[in-house]
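Order of writing sets the chain letters: A, B, C and D. Residues in each chain are counted from 1.
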Amino acid sequence: MLKLDRKDTLLLVIVALMTLAAPIILNPFPTGSALAQFNAGYPDLMQRFVIYGIFAIGFNILFGLTGYLSFGHAAFLGVGSYSAVWMFKLLSMNVLPAIVFSVIIAGLFAVVIGYVSLRRSGIYFSILTLAFAQMSFNMAYSVLTPITNGETGLQLTLNDPRILDGARAATGLPVTNLFGFEMRSTAHLDIAGWGFDFSVGYYLSAVIMLLAFYLSMRIFRSPFGLMLRAIKSNQNRLSYTGLNARPYTLAAFVISGMYAGLAGGLLAAMDPLAGAERMQWTASGEVVLMTILGGAGTLIGPVLGAGFIKYFENIFSKINDSILHQWFSFMPDGIEDFLVTLVHPFIGKGWHLTLGLLFMAVVIFLPGGLVEGGQRIGRLFRRNKAGDTASPATTPAE
Amino acid sequence: MSKSTYSRRRVLKSGALSGAALAMPTIFTASSASAFTNEPTGDTVTFGFNVPQTGAYAEEGLDELRAQELAVEHINGIGDGGMLNTFSSKALDGTGLMGKRVTFVTGDTQTKSDVARATAQSMIQKDGVIMINGGSSSGVAVAVQGLCQEAGIIFMAGLTHSNDTTGKDRKANGFRHFFNAYMSGAALAPVLGNAYGADRRAYHLTADYTWGWTQEESIVASTEALGWTTTNKVMTPVGAGDFSSYIAPVLNSGADVLILNHYGADMVNSLTQAVQFGLRDKQVNGKTFEIVVPLYSELMAAGAGANIQGVYGSMNWNWQLQDAGTQAFVRSFGEKFGFPPSNAAHTCYVQTLLYADAVARAGSFNPCAVAEALEDLEFDGMGNGPTTYRGADHQCFKDVLVMKGAESPTSAYDTLEIVEITPRAQVEYDPEHPMFTGGALGECNPGA
Amino acid sequence: MDAIIIQILNGLDKGSAYALIALGLTLIFGTLGVVNFAHGALFMIGAFCAVTMQKLLTLSTQTIDPEKVDFLGKPLVVDTPYVVNWFGPETGAAIIDWAVPLAILLAIPVMILIGFVMERGLIKHFYKRAHADQILVTFGLAIVLQEIIKYFYGANPIPSPAPAVFRGSLDFGVWIGFEANQIIYPYWRLVYFAFSAVIIGGVFAFLQFTTFGMVVRAGMADRETVGILGIDIDKRFTLMFGLAAAVAGVAGVMYVPILSPNYNMGMDFLVLSFVVVVVGGMGSLPGAVLAGFLLGILQSFASMNEIKSLIPGIDQIIIYLVAIIILLTRPRGLMGRKGVMEG
Amino acid sequence: MGILEVKGVNKRFGGLQALGDVNLNIQENTVHAIIGPNGAGKSTLLNVLVGKLIPDSGSVLFNGQSVLGRKPHEINQMGISRVFQTPEIFGDLSVIENVMIPCFAKRDGAYRLHAFESVGAEDSIVAQAETMLADVGMLEKRDMHAGSLSRGDKRRLEMAMCLVQEPKLLLLDEPTAGMARADTNNTIDLLKEIKAKRDITMVIIEHDMHVVFSLAQRITVLAQGSPLVEETPENIKGHPKVREAYLGEAQV
């Protein structure tokens, strides 16, 4: 039914199960415990995991398959967000038209930027995309403020027209919904000290992410995907084989731009605000890091990378000294203080340092990203089990 | 479904299947276990301190964090009590808040609206905070204020100077103690008039984003009211670094005052470079060329070093004030950390105490009750003299400081000196002043 | 007319900063084939060498002055720098005043050392790896370096003034027949411009006229052949990395009076210098210098009021706009070679 | 009329006359070799034939249609395939995928957005590729990483990729350059085999006379950018002009 082979079906099922059970998996520590700091199972962060997962999956279709390294993909994410918020302001609080609109607008942007940028390859392509994205960011931050609300970010106001939902009484801002299901409504479940949050917004994002993942799987396994990998491998041979690389790369660029727009639209659907920083080069760099960190060209890598970075940004940055003291309070005072001093540079305001060190460690020791790490562990496990010498030949990671 | 209410923290009976929750999530929006978002249930209550800890404003954010930590200690009865001793309201007695110990969580806004909203979300959803305080930029303040309004908790703004925070973007759940661009203009103009005369031609360099624009609008209005003319208003990109190509044409334009509507690193660089160009050694129109920086902070003064000597600007508060509240705060901050607090630290400290006091007086953590207790509150003893929290726009009205770079500072901390304490009456304005219209407070949202 | 001359002068100065960073970046890319995202961080560390020099020169003895009090009402602790104690107030103050130029003496060995350590310890292992990996690992390194600096020096910009003799500006316009105050130019920027010219000229002369330089240039063109000739090209490339780091470092030192250094400044320059390098053409040293000056001058022109009033916000996007136009009309930048980084 | 007609082609690079008034007429279903000393213009001519260079004047007609100004992929779609000096294959893909790509190109044209079909489900394409691999004796290597093949196998694979498209004209650019004698002979056998099995026109640009005389039915000798002689191999061997052109170059 899904037109996937057994291995891929298995991967999809595992990803689906993990995603749907994420509210439980990501909250492994009891609510009151000291380690609860590491729980990530709250709606906002889970939404970010899957939404940035979508962004990275889309980026990987371009970078992982064709090898074209775009340094401006955040522009499409930003455009998607702005489009969605404008739909909320003008049309309806229903997320469906907003998401559809953001995908379309981001796609149109991608057609224009891709058409121009793909005239060059290699680093020249990267710089062209970077230039377009930085121009978008700078304009959105300043000159285009009437459309983007500049530094503050575009947000809903009490006097938005909203043609379909009509003007509400000015009691408060309306909430994004899908045919009445409010994105932020959350069911909370307490079991013996553990707390779990199941939010509508997360499950909508998760389902869309699974669709996006499935779609990318199909693209990877399609003749189109084969052509894209051929472009990465040897563009010269491809053209002497009678194939025109340009429309293939453009299609890949536009598809990945639409993925970014989808992610941007979803971000706005979860929290109706669109900031210009979403388009800055650092944001574009982030998705590159996510993809490479997870494993470029692999199916699941980008999703892992996205989760990894977002986890650090949100969890490590919130650990402060008083939490450290709490953790180490069982130690004698002197040792407690010593340990706190030792860990202090790496947490809270120092979370960037930890992230930088981890980037380096992953690239140095796991050139294939986290996926390669997983494969190595898997191989080790299999080898121990079988007791034989498994083939050391590296197969292209899928 | 019913109204657009925030429906987090519905407590399911432990026996219920999570599957049912997935299938019909809205079932539970009808039943309500708590009256408002994150109602504290245990023996603690959690505040969220959302400040920049990385990026250009990290030092300012960390100073805010120190002050916030100090405020929590004082509320919980640790230390010397600081401003609680001088605060006109005596509802707080150093035994925590309504019988609960105050704890806090921290987050890194990176001075980006998006990130700040994400950390605020995590504080609300994960840590169950009842109030968020802090921040070092107006964009962030407006974004987080909007989130708190939607989530149904109180936002006590940190350092945010744009008119919009309590102007077009004002919110019922948001409160600002810090002063704003209009007040800077109103306080500065008379001092500038006295020092430089009524016949001056001003050239503006303005950071090209919302705060810059409101700052420029305010200072242009108040200096023109003084009789000055405005020769040019030039937008500069945020983070330009090298401002030489904007500074070089200034002398030639016939202007004799340069007004730098910049903040943070932009201001440090533009002022340093303007001084390097020798502008202040020049004579134009028979007068000495002058530079004005409408909004000062300790961060900027430290960054610009000797270049600020003799340059006028305004501030919300300064540790050199002599009132009892200031002295109490500076003593308790200085003893703990070894240096005097910044005005960003002061505003966050005061905001935290004001929130706690409002809770204590209202006898409830319900944000609507707290908001009511804050609205039109008259208080004193927190520095800045008698202060009003105006109910119409949630803006504090108090004395504003006009500062000048000290000619011969004795230490790293007195590089700015207080020139004048502008009385509050001079900086007051109508809540519907044209610079502040375009938005509405809306109604207080308790969430849940 | 005067406005145009002003902006050309400003552009030359901006351009010399861009050119210096782009030069080092190109040296590393051209010789080692490595895309170094930590180059901005090297520039930043150079700037902090100046800060460190200031701190070293103002290392102080502490005495208590019972007459005065500090902000808490305790007796004031007065710092007297050792150099003042040793050389007397006049000379001591003069030495402190010259901290920034003196910092070059500190920066050169420090930067070469950092360059060596970076190349031998990390970059060496990435010669054969994909450019994406190089970018990621050097980006990670940039973050780490940046955070280390932040840990020791904080996030605030630190004022680092030029020596007093260079404060103020030259009335350049008077020389060429304009009225006073029409075209002024700060002395320190003239110093910076001259300094950059010397460094750029020095690097070119070094590559052109020394045997070392010739081998390196040959290695840039064809690494394998040079290797076959029995020349230990790796060792020379290590030195080259040290040299590139030193160029970035001294560029940073001299820039601090213009831009008060903070830990994040490297990132701001990184993107810009990459644009410069690519516009110049990957791997081309003259291209990098040419593009640096070109973009600097164009950026200055774009910030003129007359132009900004025609196209609002043009000064914020001009660099990127020019980059796009040049890359579309000249596929490999101004002076790039075919096949470099196009795969 | 031949399948490929080159009429009056001129090409200058600065002051150098790379091709001067080249006329060629290649008959259908023959193996035609173009030989000549270094710098004779062989590579330039080949690049003109595949659309990589545009001549200053003259025309190149393939089956009566001009190839000038067309992109390489368009020329390929007209029925001209090319084998390179060093085998150009998709090194990151598997052997079978390498052969499937030209099959897709033949069936679907230069571009088609077939993003939702599955490669594995394209039975006819897979069968076609497997038959081709069997033809060149590489079927057992179908799942190997193409980049890890031996040089000889890479050459075979490249041939297979060209032949599976059933081109009307196959251009070979020094197919045995740099090969050991044994490999060269294998390649000659492979080409002979290919020629025996199907109707195909081949143009070989070659240095190695052993290869040329083993395969070619017609030979054109190029010198200083112009054709000197066009003859059968037997007549070329003793031709005085050829000896003159090759003096000291190679033993004929």
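Please note the rule applied: contacts are C-beta pairs under 8 Å (C-beta built on N, C-alpha and C of every residue); 3 or more make two chains touch, one makes a residue touch a chain.
Keep in mind that this is a model prediction, so the values were computed, not measured.
Q: Using the touch definition from the top, list the chains contacting both subunit B and subunit C.
A: Chains touching both subunit B and subunit C: A.
Q: Report the chain whose mean Cα position is at the greatest distance from that of subunit D.
A: Centre of mass proxy via C-alpha means gives B as farthest from subunit D.
Q: Of all the chains, which has the CA centre nearest the overall CA centre?
A: Chain closest to the assembly's C-alpha mean: A.
Q: Centre to centre, by mean C-alpha position, how many angstrom separate subunit B and subunit D?
A: Roughly 74 Å, centre to centre.
Q: Measuring from the mean C-alpha position of subunit A to the mean C-alpha position of subunit C, what distance in angstrom results?
A: Once rounded, the distance between the two centres reads 34 Å.
Q: When the C-alpha atoms of subunit A and subunit D are each averaged to a single point, how far apart are the two points in Å?
A: Distance between chain centres: 47 Å.
Q: Need the CA-centroid distance for the pair subunit C / subunit D, whole Å please.
A: Those two chain centres are 52 Å apart.
Q: On subunit D, where are the residues touching two or more other chains?
A: Expected reply: no residues.
Q: For subunit A, which residues are shared contacts with two or more other chains?
A: If we look for residues of subunit A contacting two or more partner chains, we find 138, 142-143, 352.
Q: If a residue has to touch 2 or more other chains to count, which residues of subunit C qualify?
A: Subunit C, residues with two or more chain partners: 312-313, 316.
Q: Strictly by the criterion at the top, what is the full list of touching chain pairs?
A: By the stated definition, chains touch in these pairs: A-B, A-C, A-D, B-C.
Q: Tell me, which parts of subunit A touch subunit C in their complex?
A: These residues of subunit A touch subunit C: 67, 69, 116, 119-124, 127-128, 130-132, 134-135, 138-139, 142-143, 281-282, 285, 288-289, 292-293, 296, 345, 350, 352-353, 355-360, 363-364, 367.
Q: Hey, which residues of subunit B end up touching subunit C in the complex?
A: Listed in rising order, the residues are 54-59, 62, 208, 232, 234-237, 239, 241-242, 244-246, 248-249, 251-252, 265, 268-269, 272-273, 275-278, 281-282, 284, 299, 302-307, 319-320, 330-331, 334-335, 339-340, 410-411, 413-414.
Q: Show me the residue ranges of subunit B that touch subunit A in the complex, using the header's touch definition.
A: Residue list for subunit B touching subunit A: 1, 3-4, 6-12, 14, 16, 18, 21-22, 25-26, 28-29, 53-54, 58, 62, 69, 104-108, 112-115, 117-119, 121-122, 125-126, 137-139, 142-143, 146-147, 149-150, 164, 169, 208-211, 235, 237-238, 439-440, 442-443, 445.
Q: Which stretch or stretches of subunit A touch subunit B in the complex?
A: Those residues of subunit A that touch subunit B are 24, 39, 42-45, 48, 138, 141-143, 145, 149-153, 155-159, 168, 170-175, 180-182, 184-192, 196-200, 203, 271, 273, 275, 277-278, 313-314, 317-318, 320, 322, 348-349, 351-352.
Q: Looking at the complex, which residues from subunit C come into contact with subunit B?
A: Of all residues in subunit C, those touching subunit B are 2-3, 6-7, 9-11, 13-14, 17, 68, 70-72, 76, 150, 154-159, 161-162, 167-169, 181-186, 188-189, 257-260, 262, 264-265, 268, 299-300, 303-305, 308, 312-313, 315-316.
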